[in-house]
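The following pair of complexes shares a single chain, subunit A, combined with subunit B in the former and subunit C in the latter.
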Partner chain A sequence: MNPTDAGRRYFLKGAGALAAASTLPLSLVKLAFADAAQDFTFAYISDAHIQHIEGTKFVRNWDRGLIRAVAETNLLTPKPDFVMFGGDLAQLGSKPELDHGGEILSKLRHPLHSVMGEHDYYLDLGEYWSKLFGPHHYSFDHKGVHFVVLNSVLTYDEWTFNRWPTAEQRMLEMAGLDNPNGSPFMVGEKQREWLKKDLEAVPKTTPVVVFSHSPLQKIYKGWNFWTEDAEEVQAILAPFEKVNVIYGHVHQIQYNQIGRISFNAVMATAWPWPYPATYAQAESAMPVLTVPMNRADPFFERDATGWQFIDMNTGRVTMKFNLYNNTNRVVAFNPATGRPEDRDFQDPAKRIPPQDHY
Partner chain B sequence: MKKTAQFMLLAAGLVGAALAAEKATPSPPLGLPPLPIPADNPQTPEKVALGKKLFEDKRFSATGDVACANCHEARKAFTDSPLHVSEGIRRLNGTRNAPTVVNAAYFDSMFWDGRSPSLEDQALHPFLNPVEMALPSHEPILAIVRTDPSYATVFEQVFGKKGATITMTEVTKAIAAFERTQVTGDSPFDRYSFGGQSDALTPAQKRGFDLFVNKGRCVSCHLVEQTQALFTDNRFHNIGVGINDIQKDVPALAGEFLKAKATLAEVDKKVLADKRTSELGRFAVDRTLEGLGAFKTPTLRNVAVTAPYMHDGSLKTLRDVIVHYNNGGVTKKDDPVNDFLSGGIRPLNLTEPEIDDLVTFMEALTSPEYAGLPSGAGTKAEVKP
Partner chain C sequence: MSRKLTIVAFAAAVAALAVGGLAIRADEFTKKDGERWQKEYMTVVEKGRALWTSPTLGTNGVACAQCHPNGANTHPETYPKFQQQLGRVIALREMINWCIQQPLEGKPLALDDPQMVALEAYVAHERRGVALAPGKH
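Presenting the complex of A and B:
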């Protein structure tokens, strides 16, 4: 079979799965991946932003988002092989936040892998996070796929170590948006060296999935939808035939293809980005933002948030977004165009019109 | 803005049609939109009278003593208040509180979980449900309407059908036509909001209305629009009632349900037979995560006279209902919040006087037809140890 035929076969199977998944979100659709024993799925929860108020009080909205995603992930049948948490478990990196978030995540009935977010990192540079969730960067192999987890939220040493009088202020400065005192995210030279070594032994035909918190591509610097050394990291990944980068941080669906690298963003369980000015009817803990989102029901806090399950049946990531108060969506690699696409969304008739009144 | 503009266009288009149809269909009561009537089931006085007779006929049950009207009693605003859950054949209990027929004509779907798309379809199911009227099939009904002379002539007059040509289609069309006559508006709230009568509400009720649309967040699901109010969004929400009792068993119950691949007719039997399955709510119909523990938003018209409340009748008074919402979707303040709770349900920080005002406002939603019935408001003044 030539590569085009193989691609077409996967495409058709993917299309079937799409229809089934939208009617039966509890049942992952079983797809052929060469050897049936190698089929697997995993779930991805991200950006919970658990926020401590005082004592035992935490922001209820963020708690509910993570609790619900965990409870729903536990209902998936067949079971996902593991769950990724994509970073920003905490809002300001404190022990109470990481402990509280960790407690909610402990209800997961599946093995958990975690990615570092800037909100987890910049208070104590990931020390307490590491005690709970392990190393900042690592790799593992699972059923023929090589998974890499990077800490992509590092920045210049001068900014991290020499600029701020307190750790708390450092955390707050990095948490700000459009902040002139902020600093761009990066993977950094040391970790890039590690990545090169890690990938040396991996055959170029092995599907590679990289998890990072920030996009390993440059989208918008002011909100750190950005990784300063993205091109260098991409160059390390470029020789592999099938590379998938999955990132959090942006709280919205994004997808892109650069060379052989497919990029997919995941939803947050906390809040959508951007969101309308009217999203918060009452006083809330939402960060101040100036750009309105074109929809999101101001009443239903879960609207425009969600989580996702992912199948790896073609060695490419197929993202299935579980979206509250909305139509579930699927972003899958389309071999015909060579890039990830939301095929349903291509049809203008199927798009949800923007909300222009509140 | 957009909604209003669309409505006005629609209204302008309807004027012509409305004038032509004026004699056949009376204009809706104050506060309600024009009555939606299916093209294949027009209203006629004869059909409505036939529907009423069918609705009240106890012979359409295994024991000959349960009619539709048993649980939807006209003098109780078409409910079986004060029962928590309905009592059917041989005094067997179902799992759900009888929803009123009044204004059901405006609902997009029927039953608490919306498992039926229309009044016509809905009327088919209670006849066969083992805890309601418990017939083995619809045949005994057809045998009666085909042979009983008091039915035969009317069916021929209304549908031009007699004998074996009469089917459940005609029976349910007549019942639905009768149910579509049970529409009531013109409550003190309607006279205040849509009738320009500024003294139709008391000061406490006016404060309650303000809480209803603002701090209480009620209006987000119990819709009130510029020119009408159905007090429902016709959607399904998990508000933390019932599902809390089965929280730990949701994976097992939901899993079993998916495996069984039940048809909607089977769903009808399962959910009324087993309380635990019942609490899955909308999930039993749409099988989505969003449907877990979710039930249809009921209208609030005449709500003060239809106690008790919620799909399982678990809350005794309107005050209990407000307290449940005020606690953020839990009946007792310190109970755990349901994992699948719908977004939008959160603590409201209403004060005691504010809760009283809201309850008093809901008493202003009673139409004149039911004004004399006992109130289930449970305002503070009435609650005495």
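Presenting the complex of A and C:
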């Protein structure tokens, strides 16, 4: 190729971009000026809890949440590069539930990556889920960001393999959020070793995004808003300059900063959960910066459920919560304070009643 | 005896009873009684917990605890209150019935059904120690 050809090609590419810019909405034009390597969006749908009743009957309410999230994600402009599903597709891990949920997800027009939830796992230890959605843990690179997916809902072997007479009972015991017979979630030594190896080749300046189902931090053990080996996992992630952990399971807006690791929780499409502080009989450690979301109105069944649209333009997660009967919210990393913050509600004076739970 | 004297004598008798600890006081109860009553109460609370987590209270397999772990976010201390979505003041058990009919797709319980009493007992027990705030939103 001679220099003239190269120059001509650049010119054509530039002309194409200019022509496109004249017809596209402002938000897309802005993106064209950013560093292309750090400039993309993805959508996050989580906790659908598709619940089988019998035969062809499923709980309508939970179905509607996932169907709506998929339909709206398909309409996004700009188009997300991919969609993450954050775990708990099923309620009791059964084939009908995973098949039905998979059928609804199959309507997505974007590539899908999935995270394992405890409701998907504890019937057959993720075997059928894996046939539909792939490996339990894996990593991939996308436009300069290293993505890691962990199965963080493992627990002690004795609980998993020796305690329960049937797989069905094991699933039921883990499915009850407040069930004292449950067991704390963990990533486990084997997967932590895999994570260390996986990250060895990744430069410390590369933005890293870790997807897990449970929070990779300790908030409230009673409801498994908790990962038993959270500190060990955090230590593996600590050397990286920009680390984002995105987790489901909690069905509510949470965010936190520990060292260089930003934490963001996502909403459920099925139902919202109260903050642990609303349980009067136990102490919890909700990150103090988290501004509670509005109390859900049960008379609007999609209230306080939703999905989120995420951009990585700064190498940090900016999470836009699409809430159905509430003002949408944006939780973005604030470089001035070095932590994720709720853009509109951080200031107590700007909160609307009843912003607080009681 | 004058009326005044009668009153004084009566008061003295009451005082004597109080100090003397006679076994005829109608409201006296033992530690054992208290334990039995607490046990009766906890039996109903536990029945309520079983119903709260039961997939068969409604018809679609959904349990109360799915949205309300440990009965959280039911705020029993705020009832009776004006339930703005219904446009009238209701008791907590009417809201429990609303949930049985809607998310659980079941049939409402009679308001004095022992199952309803158990559900209410469980919710209140999980919220014990919180100050009453009837009418609060």
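FYI, the second predicted complex is superposed on the first by the 296 of 358 C-alpha atoms of A that agree within 3 Å, B and C clash if a C-alpha of one lies under 4 Å from a C-alpha of the other, contacts with A are read in each partner's own complex, and residues count from 1 in each chain.
The rule is short, and it goes like this: a contact is a pair of C-beta atoms (placed from the backbone, for glycine too) under 8 Å apart; a residue touches a chain by one contact, two chains touch by 3 or more.
From a predicted model like this one, the values you see are computed outputs, not experimental measurements.
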Worksheet item: Does subunit B (first) or subunit C (second) touch A:Glu301, or do both, or does neither?
Response: both
Item to complete: For A:Arg163, decide between first (touching subunit B), second (touching subunit C), both and neither.
Response: neither
Discussion item. Between subunit B and subunit C, whom does A:Asn61 touch in the aligned arrangement: first, second, both, or neither?
Written reply: both
Worksheet entry | Which of subunit B and subunit C A:Leu177 touches, first, second, both or neither | second
Item to complete: Could you look at A:Arg343 and tell me whether it touches subunit B, subunit C, both or neither (first, second, both, neither)?
Response: neither
Worksheet item: Given the touch rule stated above, what does A:His142 touch, subunit B (first), subunit C (second), both, or neither?
Response: neither
Worksheet item: With the two structures laid over each other on chain A, which partner does A:Gly222 touch: subunit B (first), subunit C (second), both, or neither?
Response: second
Worksheet item: Does the superposition put A:Gln51 against subunit B (first), subunit C (second), both, or neither?
Response: second
Worksheet item: So, A:Tyr324: does it touch subunit B (first), subunit C (second), both, or neither?
Response: first
Worksheet item: What residues on subunit A does subunit C touch that subunit B touches too?
Response: 60-61, 281, 299, 301, 357
Practice prompt. Over in the complex, which subunit B residues touch subunit A? Could you list them?
Written response: 1-3, 217, 220, 250-251, 254-255, 258, 287-290, 328, 337, 339-344, 346-347
Worksheet item: What part of subunit A is in contact with subunit B in the complex they form?
Response: 23-27, 60-61, 64, 67-68, 70-72, 74-75, 77, 281, 299-303, 322, 324-325, 356-357
Worksheet entry | Touch list for subunit A against partner subunit C, complex | 49, 51-53, 57, 59-61, 176-179, 222-223, 271-274, 276, 278-282, 295-299, 301, 354, 357-358
Item to complete: Enumerate the contact residues on subunit C facing subunit A in the complex.
Response: 53, 60-62, 65-73, 75, 78, 85, 98-99, 102-103, 126-130, 136-137
